[in-house]
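Letters A, B, C and D name the chains as they come in the text, with residue numbers starting at 1 for each one.
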Amino acid sequence: MSIEYTSSEMMTVTAARALENGMTCFVGIGLPSEAANLARLTHAPDVVLIYESGTLQTKPDVLPLSIGDGELAESALTTVAVPEMFRYWLQGGKISVGFLGTAQIDRYANLNTTLIGDYHDPKVRLPGGGGAPEIATNAGEVFITLKHSKRAFVKDVDFVTTLGFGRDGKGRDGVPNIGKGPTRVITDLCVMKPDPETKELTVVSLHPGVSREDVIEATGWEIRFAGELESTPEPSAKELDILRELKARTERQHAGE
Amino acid sequence: MSIEYTSSEMMTVTAARALENGMTCFVGIGLPSEAANLARLTHAPDVVLIYESGTLQTKPDVLPLSIGDGELAESALTTVAVPEMFRYWLQGGKISVGFLGTAQIDRYANLNTTLIGDYHDPKVRLPGGGGAPEIATNAGEVFITLKHSKRAFVKDVDFVTTLGFGRDGKGRDGVPNIGKGPTRVITDLCVMKPDPETKELTVVSLHPGVSREDVIEATGWEIRFAGELESTPEPSAKELDILRELKARTERQHAGE
Amino acid sequence: MAEFLSLHDAVARYVEDGATVAMEGFTHLIPFAAGHEVIRQKKRDLTLIRMTPDLIYDQLIGAGCAKKVIFSWGGNPGVGSLHRLRDAVEKGWPRRIEILEHSHAAMACAFEAGAAGLPLAVLRGYVGSELPNVNDQIKFIECPFTGERLAAVPAVRPDVSIVHAQKADRKGNVLVEGIVGVQKEAVLAAARSIVTVEEIVEDMTAEPDYHPNACIIPGWAIDAIAVAEKGALPSYAHGYYPRNNRFYKEWDAIARDRDAFTAWIEENVMNAGGNA
Amino acid sequence: MAEFLSLHDAVARYVEDGATVAMEGFTHLIPFAAGHEVIRQKKRDLTLIRMTPDLIYDQLIGAGCAKKVIFSWGGNPGVGSLHRLRDAVEKGWPRRIEILEHSHAAMACAFEAGAAGLPLAVLRGYVGSELPNVNDQIKFIECPFTGERLAAVPAVRPDVSIVHAQKADRKGNVLVEGIVGVQKEAVLAAARSIVTVEEIVEDMTAEPDYHPNACIIPGWAIDAIAVAEKGALPSYAHGYYPRNNRFYKEWDAIARDRDAFTAWIEENVMNAGGNA
């Protein structure tokens, strides 16, 4: 292929492709927001984007820096109070997919955004749970996107802020009214899915130019690979154009006061 | 006095006078609504009228026929959803007085708007509780207004739809977060208040031209009279004018399609 | 995703015999046209939920559509009783119906809980009322923080909710304005929903009276939209037409008498095609 | 009943040392001017409640006003950490603070419950999360109808809530528009409330953009109103001015360093009179 792209762009495009037209997506800030808006601007014009700030069905022209930027309200179908957002729209079962980032993730796709170290004597204090704990259980399914590194992909998270499949992979078993949980994790190296039985995250697709060793080296546990390992399709020129324009627009806007 | 007025007008004017400027009043339809709007148009221009349809601080030009007439929304400060009305405004403790009518009332000011006779084989099926059960307990205090008759004023109501002071007068004792309950009952014959000790309704004021016997005859229990029985002040010409204009405007409007 | 259907087709597809149906509209925007369509299609054994059953449920009950009514205030507002409801409860005509009654606060909270996907609503309610004696769906729980006794009622989760609204746009987004009642909650709480509207506009957000916090239900949260012009009459539609108070008063005489009622239904509903 | 006060007087009267204070605004309409006034008046030992403590709470914490923070997401949105919050939690500078953390869903429900006068909020939450292990205010109850295990958290009931809004009218009625967050809930849940506004208009219902279902908090539900033009900067006010994203990014460097932070507070808050 003659198209050049970065591993970040590969990640964002792959994450965007996970969203389908007509899905209602509860969007986390940062990488998920970038991917969700790329999806909306490319193959999924009718994907419904919902931000926890209460903005329903929003179509921002630039990426929001915060979860409640003015752009989100101005381009929304309507904006509701935050309690309503969490009660009627998320807990009420109207969200097909929650799209999350995280600081740490473990082999059972549990997410830690609370802290590194011990809770009462933290090495690093992280921002906390935010919307994630209930997005992860009340949305129909969950997509996760983050950069691959040994610091982020750990065998056991220091703290389960947000349920993937629990510390033993059985955290959702027998729980009533709970979503399917994480169905895919998209990184800058690969795509992972939970094993249908054990729920352990398994690499199902490697991005072009990425080797098994690259993934093994960037993962903090003995990562497994699917029997039939796929190669992630490359970004198209159109996807890259739209993504780059989106990011350039965003940068220009956020640089101003 | 040379001013002529009916006993209904006497009742409405007396009920209106119970409301003070600055009170927030949760208004029941019918007689309470008439009295509350008369208060607003006379001595209490800043009384805040709230109807369970969600209309906050409404100033209807004509009396509503239903609790949710267009007039109420059009003259309101804002209109909120019905769950919000009951949760934030009533249960949230923002209402100083609930103003209620009733079909039956007993000596402890319990109200019955459910049915006459036995619940499972009713003689007369009434409309039901509506907002009253929680208005009576969540508002700071309750005013009640209805026409005096033996059918309405019974020793024991057939059914306690709405708590006054319970079947033994002790229904509010020790209940946390509960309002004072009925503090006055205004009829076309007199004003009653609960005895400070027993909570039994006691006549504290007779309307002009009404005798003790009139009240006794129209009450279904051995009604007590306060030691110092007052005479209810008569309506003023201004109050009567405004009330009559209000009713005339209302009639004209409701007669049209 | 909202599909644009005729009112006939929407009711035929989503209102099944035996279903639990909520037709909401707190005095305002009552879905009369849809109710009449339910009567015309002779739906039976419905459990009808509504905070304030007024004329529309009186008509459905008198026409024999209901087996049970869940409500909190059943009357002809400002006029008097619902005679068809009373006749069914007191005399079993045209059939005996079961009733389950709440207070408004509890019903409103139950709709809210239904929209919020919860199994129950918790409220400071029913204190000293005898309604819990006759409604086994009212329970009490203890607050684990304060020990306070609070009422609990099951969430309302209808099979289908039907509401009327001012307008929808081409994407099926619906605006409800003025007295919004529990309509949004009814739609969100239901497995299926039908919304009748006065008119269809191109794009809700491009309307001249668009407001960023307007009560708009997105098209993807609705199943069917049907145009029913004046579909709330004799109730009213804020910004479109006023309430026909005279009809509400006239209804008292019509509904008092079984024959008068039956004749009225025949003439104004059964033989009115889709125009009633 | 809302009284019109200067921001100085409102804070002096209603924010007492040791009070529980909620300053709300979900990214939008953050009451920075009021927060700075609290810092200037050297309020101490505050329990600060806020779903998303961002720069304003970083400043209050760094200035030594807080003894405890109750929150659900504490970061500089899109930028990174709150360094003053981290320094207080990790190193105890300028004093050790206690934290109590929730999820957004729980905090939002807790504000809602506070506004609704309830002692608790019930939600389907915290399933599988370890937050209940470190927050003893998270309990679980059993639904009396379905047996489902549901989370319960205490309602938020601050001593005083402070929010910023677009405008108030002469009667003290306040309009909040755009991303309304939990501001209305914060005001209604609190024993006392201060609302800062961009401007005062004559009569809210006569404004050209008046809307029947606008988010308006009546004057009689508010204690004090203070005009604070641009009072939400560097956050924004829908319809008035945009967010100063650049400052949010610059804050990262300022807050990383104790001295830089202290100098910034001196210059921009302590010595800025009522203008910061």
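Side notes on the structure shown:
Operating definition for what follows: contacts are C-beta pairs under 8 Å (C-beta built on N, C-alpha and C of every residue); 3 or more make two chains touch, one makes a residue touch a chain.
What you see is a predicted model; the values in this text were computed from it and never measured.
Within the contact network of the assembly, the step distance from chain B to chain D comes to 1. Common neighbours of chain A and chain C under the contact definition above: D. Summarising the inter-chain layout, the chain whose CA centre lies farthest from the centre of chain A is B. Put simply, the C-alpha centre of chain A and that of chain D have 28 angstrom between them. Taking each chain's centre as the mean of its C-alpha atoms, chain A lies 57 Å from chain B.
Centres computed as Cα averages put chain C at a distance of 38 Å from chain D. In chain C, the residues that reach two or more other chains under the touch definition are 112, 117-118, 123-124, 146, 148, 178, 180, 184-185, 212-215, 238.
In chain A, the residues that touch at least two other chains are 73-74, 79-80, 87, 91, 138, 177. Listed by chain label, the pairs that touch are A-C, A-D, B-C, B-D, C-D. Across the complex, chain D is touched by residues 22, 24, 48, 56-57, 73-74, 76-80, 87-88, 91-94, 138, 177 of chain B.
Here chain C touches chain D in the complex through residues 117-120, 122-124, 137, 139, 141, 143-146, 148, 150, 152, 154, 177-178, 180, 209, 211-215, 238, going by the rule given at the top.
Across the complex, chain C is touched by residues 29-30, 52-55, 64-70, 72-74, 79-83, 85-87, 90-91, 110, 114, 119, 122, 124-134, 137-138, 159-163, 166, 171-172, 175-178, 253-257 of chain B.
Residue ranges of chain D in contact with chain B, taken from their complex: 1, 112, 115-118, 173, 184-185, 188-189, 204-205, 212-216, 218, 220-221.
Residue ranges on chain C touching chain B, taken from their complex, read 26-28, 51-52, 71-75, 77-79, 81-82, 85-86, 89-90, 101-106, 108-109, 111-112, 123-131, 133-134, 146, 148, 178-182, 184-185, 215, 236, 238, 242-249.
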